[in-house]
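To start, the structure under review is shown below, and the notes come after it.
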Amino acid sequence: MNKQPKKGGKRPQQKRQQQNFEYARRLNGKKVKIHLRNGEILEAEVTGVSNYEIIIKIDDKEILVYKHAIDYIEY
Amino acid sequence: MNKQPKKGGKRPQQKRQQQNFEYARRLNGKKVKIHLRNGEILEAEVTGVSNYEIIIKIDDKEILVYKHAIDYIEY
Amino acid sequence: MNKQPKKGGKRPQQKRQQQNFEYARRLNGKKVKIHLRNGEILEAEVTGVSNYEIIIKIDDKEILVYKHAIDYIEY
Amino acid sequence: MNKQPKKGGKRPQQKRQQQNFEYARRLNGKKVKIHLRNGEILEAEVTGVSNYEIIIKIDDKEILVYKHAIDYIEY
Amino acid sequence: MNKQPKKGGKRPQQKRQQQNFEYARRLNGKKVKIHLRNGEILEAEVTGVSNYEIIIKIDDKEILVYKHAIDYIEY
Amino acid sequence: MNKQPKKGGKRPQQKRQQQNFEYARRLNGKKVKIHLRNGEILEAEVTGVSNYEIIIKIDDKEILVYKHAIDYIEY
């Protein structure tokens, strides 16, 4: 996970994609521990990631978590 | 709900729409439990979703909830 | 209030306006109960709405409320 | 202060300016009571407003207040 | 510090720069008291300002402060 | 770290890059103390920085920290 997007001789199109790069997208399909701003810790599998949301699955139930409510994620 | 927007051979127009994709739009018409940053839990039907707001209906009364105030949503 | 902007065969110009659609604009002129993040509830008439602010009137006194401080609005 | 920017037959250039309209700009030079998210109330004259900041003057001392820290402003 | 950027007959290029004007940039090199959202007050010299960050120096140690964590700054 | 990006006779392309300049990118590979909004202090090595996230490594475990949850960083 510590591999950063490579720098260097990229074309403009690729450069713009790099600027929008986010690590959260890589969590899709993984088990994580999400620490929320309210103190709760959600332990679950990530089943979706969008710009502002992370979808997790706990006991066959899906939950939409807003990224703005997350302090940090262990994985 | 865990179907993510498909990746792959899309046209630019479709690509831009994907980047703005959000799961919250799919909650329209569903019964949800909204967990707010203040600790309150609003149990209600979603009747509208805009970029920054979710409209819910509780006992025939409508409420505008700001997404920034939401920690997570069960559905 | 639960009428959402219609989807479908719109022209690009209209599409862009839809994306910026927000329900808060419709509250102008109405009596509302604004629940703030600090626990306060402001009961007042909405006299103005801008991108980030809502203006309310309480006893002939005007108050500028930042949307970021609002959890939800009853109307 | 409750005069909203007029709607109607505007040219595109003016329309864009309307979308960026904010009430806080009108507070410049006025005495206000700023209610902060930390519970503090700053009573002062507004001497400057930028996109994200409000400058106030208390006893010849200037203070830069971030709008994100403001819940509401009485004026 | 209470001199605002002048209004009036500007060219488009200058106009855009005005819209991005922020007072925090002027704090560079000054001693300030930064009041954080967590209640801490950091008393220090500002040694750098970027769009979202302020760098301060306390006892030869540098600290990156996120603007979003700042309530107000005395200077 | 207190060297700011130089001002002056730059070309437009370089100017735009300056506006997006952020100090956090320079923390990559350094040991830091991250003070979170929840009061926690994470002491760790930075192994990645994206627009909204900082990746740190504690005891061979990686953690995704959202910048919005950070108050300040000592380094």
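The chains carry the letters A, B, C, D, E and F, assigned in the order they are written, with residues numbered from 1 in each.
We adopt the following convention: a contact is a pair of C-beta atoms (placed from the backbone, for glycine too) under 8 Å apart; a residue touches a chain by one contact, two chains touch by 3 or more.
Values in this document were obtained by computation on a predicted structure and should not be read as measured data.
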Would you mind checking the shortest number of contact hops between subunit B and subunit D? 2
Which chains lie in contact with each of subunit D and subunit E? none
What rotation angle, rounded to the nearest 5 degrees, superposes the C-alpha atoms of subunit A onto those of its identical copy subunit F? 60
Most remote chain relative to subunit A, going by C-alpha centroids? D
Same-residue or different-residue interface between subunit A and subunit B, half as cut-off: different
Starting from the mean Cα coordinates of subunit B and subunit C, work out the distance between those two points in Å. 17
CA centroid of subunit B to CA centroid of subunit E, Å: 35
Just curious, how far off is subunit C from subunit A if you go by their C-alpha centres, in Å? 30
Residues touching two or more other chains, restricted to subunit A: which are they? 20, 37, 68
What kind of graph do the touching chains make: line, ring, star, complete, other? ring
Which order do the chains take around the ring when read from subunit B towards subunit C? B, C, D, E, F, A
The subunit B residues in contact with subunit C across the complex are 20, 28, 36-38, 40, 42, 47-53, 55, 57, 61-66, 68-69
Per the touch rule above, subunit B residues touching subunit A in the complex are 1-2, 4, 19-24, 27, 35, 37, 39, 67-68, 70-75
